[in-house]
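The chains carry the letters A, B and C, assigned in the order they are written, with residues numbered from 1 in each.
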Amino acid sequence: MAEIEGTVRPGFEPVRETFAAVADGAAQLVVYHRGERVVDVRTDLDGDALLGAYSATKGAAHLVVALLVQDGVLDLDQRVRHYWPEFAADVTLRELLAHRAGLVGSDEGFPRADLADDRIVAERLARQRPFWRPGSAFGYHALVVGALSGEVVRRATGRTIQEHFACRVRDPYTVDFHLGLPAELEPRFVSAQPMLQAPERRIPLPAANSLSGIAFNRHHPDGPEVWELPNFPEIRRLGSASFGGVASARGLARMYAAAISSLDGEPPLLKPEIAAEFAQIQSIGHDVVLGEHKAFGVGFHAMSERYPELGQGSFGHSGAGGQQAFADPRNGIAYGYTRRRVPFPAAAAPENEPLIKALYSALRAVESRP
Amino acid sequence: MAEIEGTVRPGFEPVRETFAAVADGAAQLVVYHRGERVVDVRTDLDGDALLGAYSATKGAAHLVVALLVQDGVLDLDQRVRHYWPEFAADVTLRELLAHRAGLVGSDEGFPRADLADDRIVAERLARQRPFWRPGSAFGYHALVVGALSGEVVRRATGRTIQEHFACRVRDPYTVDFHLGLPAELEPRFVSAQPMLQAPERRIPLPAANSLSGIAFNRHHPDGPEVWELPNFPEIRRLGSASFGGVASARGLARMYAAAISSLDGEPPLLKPEIAAEFAQIQSIGHDVVLGEHKAFGVGFHAMSERYPELGQGSFGHSGAGGQQAFADPRNGIAYGYTRRRVPFPAAAAPENEPLIKALYSALRAVESRP
Amino acid sequence: MAEIEGTVRPGFEPVRETFAAVADGAAQLVVYHRGERVVDVRTDLDGDALLGAYSATKGAAHLVVALLVQDGVLDLDQRVRHYWPEFAADVTLRELLAHRAGLVGSDEGFPRADLADDRIVAERLARQRPFWRPGSAFGYHALVVGALSGEVVRRATGRTIQEHFACRVRDPYTVDFHLGLPAELEPRFVSAQPMLQAPERRIPLPAANSLSGIAFNRHHPDGPEVWELPNFPEIRRLGSASFGGVASARGLARMYAAAISSLDGEPPLLKPEIAAEFAQIQSIGHDVVLGEHKAFGVGFHAMSERYPELGQGSFGHSGAGGQQAFADPRNGIAYGYTRRRVPFPAAAAPENEPLIKALYSALRAVESRP
């Protein structure tokens, strides 16, 4: 049993107990319900410690895209090349965000400095042949989707997706989630710990130049390993829209709370129909990069495919460092979980399952009270 | 061993023996071969007892659609909104019938009285946002597809799908299958019995407001449970084209026999090319509502995906009360099975597998005789 | 341990050892690396023994299509009926080659003499209704795809796909792979041996008139069994572009080496962008004929889905007699394996997995030497 700090609202004590039972080293969990923070617990970490968000970053980046669609600035059914003429593949913005473009990595791979820079990634991929026929399949654009969607944002608005996030979300809502970590916040950053792999758990990786290897940039000799990405200062500083964000669980949860709930008297960032549009299933079935069943909405994971407790229309994004974060509009829930040790395999940590079960069970009990 | 009543033609005795061995409580089984009734057995039920058909009803409703396509009145490749201008989703009639429209239930759920009424269901769904992007996926429109296809029929012809079924199929062929049970037949109705769930078999259901919960209307507090649907008199009276039919196994089998075989000197209802068109696979793979592998033709199950003994081109529809019913044109078989106790899980009962194996084995023996 | 003849280049000895350990009866294995033959081993067969290539034939046929696309004679995105007006289904050449047309067999089945003749097969299927809606699914056109693509070639060029193969590939590169075995080479042909099926391994086949049964022509009483196809002289003589080729492992590997590598000073047959185009994933997921997960490029298997050691962009084709053959442009590998005993199940033999693992492990060791 880990020692737990923090607070829960009455009725949510079982979530704290489950967190104590399942937390795997240093971790943070924060939950909002209808705009109120009902769970804020951690172990072996401060409440405002900042950790690498890994791919949970994509949730922040694509919240920006949702806001620009809501504003009428972007149209999901426009071809990407409408905004970005150099982009060769014949796909719409919606298809790009649904991981359907087939541009999951660079033919030659990226050295670390290039991978950190969304502009370089975008330029490199714009002219490349898709690895599958657009329309025939989908596969997780693990390290690059945010560079591509971000370039669309930059071309359409003249500002980067990182700048939009800071102005529209982070600063006005004091969301502790940073796409490009300011130097003055570096002292709060807590580095990621490498995964522990017992020998019997080691499974052979696909070849470095397989499709999966390319998507995770394993075919470049100077490419970093995924687990160590946030530990490089220049990655934190540039804040790649695919994987370079830095956040606390408070930041993860508060961002999704701001997206769907009234927070401190402000209206939700997203109108319900825009939230529904981005949560709508776009790609479901065999992910050709990950080689497993996946479900994507528009730039987000379709979360209820993974956690049966969640309501239809939930949207969010996990991270390879164990993060999980989402909004569930039907139940008014915003959830953020992060941890320091990268799990094996590098993906949403398994303890999210009992945590989510405990949360929804507590929620049903709270809501059924007279 | 159950006590069995009824008759089988010479050569089909093994089907009767298998029925005796596998029937799970009160049940009926009827099989036609090239228009001749070769199996008509039951246990603990009269031969003309009428039971809820559950989703086997969809087979009756979509036989009407097939007849209207055959007549040139409906065109599968027309947009639904061509017939029904208020229908917002951009899908063809073919896609609607292949469970591709994404309108699997109501955002808010239906109270029982609304669910029973196809007109109310159709009106409610016409303007709703699909739960997935049309074209990206398919999922079983369990309780609503017949309301939607039925509204197309009503708009195109001025008559309900239930009226067409009575005039075109039920009355001329004396098929004991009723979409809207006449009051005078109520005495022959036998109510459904609830499923028996041993504690160790209880599996957690998806959340009531998950996609699956919405498809089965579990998110409405006044919504009925699926197993009890036919036990409500107004559901039997209105005869929802999705789930409200009432039939004996004789009715189920005779309907499919009339569809593909010459019966009492009349030609088959469907020309072979129309039967082939409706049996053609339209949606195959991961069903996003059921979360499992499924195969649909046009409004029917593509049956040979499920039972490897069946010929290519078989079409039919199972029901949650354990029903199974289909036509197999290549082998000249029409099959109808029903039972009183709703099985766990609520779906085609598992005893259909040994019954179908025994039937096709007997058929091969009969056909190979000199 | 089998007795092994033949040679390997320094560093590839582990491949020979693995071959000795895993070869299942008479077999041949040949590998090229960047145009050099680095492995050429066999057991219980001469190095120039010719065996039935089964579906590895499709690799030869579709290399011809790739050359014609490279020449600008064929366009993958043209409708098939542009070249062949009698062809009814509305599909492009690309879709046909990706097993998406739904014409996997004849409604009535083919007697052996008809099946052997690509012209008869093509004519029969041209007017048939697809078994699934084109676009909704894909399934292996096991015995017919080469007849269909071959008819496109014949209509567009006036010459058969077999003639093109002989002139463009076999003769100039002395590739021991024959689509239509010349009478003078018959003495080198070694007949296939039937599969050995222990009783406990026998699994029930789908019905002869199921979709799978139709694709393997099991519904015609005079249809041959798949395993015995190359043992019929007229099948070898006509050289069906789907299954009728005859080759040694040397022929299989040398063809793929010629496709992607400089051989004896000649440039590779395929430009890299054409090789990439034909390797690009077109159909991935549930194959409705085989009932299992498959991945196809344009007329070839997308090989790296099957063998994780291979680089993205690998393309090739296995055969039911146990054959495996492919090119891996990223690693400069061309691989050919054949054996005499048809394995159970009839498909790429399981020993290809350890052979490929050993090969790539040796390759990494060779390439990391100073």
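Going forward, contacts are C-beta pairs under 8 Å (C-beta built on N, C-alpha and C of every residue); 3 or more make two chains touch, one makes a residue touch a chain.
Since this is a predicted model, take the numbers as computed values, not measurements.
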Graph class of chain-chain contacts, one of line, ring, star, complete, other: complete
Interface composition of copies chain B and chain C: same or different, split at half: different
C-alpha-based rotation, chain A on chain C, 0 to 180 degrees, nearest 5: 120
CA centroid of chain B to CA centroid of chain C, Å: 42
For chain B, residues that touch 2 or more chains besides their own: 285
Touching residues on chain B, where the partner in the complex is chain A: 129-133, 136-137, 204-207, 209-211, 213-214, 285-286, 288
Touch list for chain A against partner chain B, complex: 94, 98, 273, 276-277, 280-285, 293, 295, 304-305, 308-312, 330-331, 360
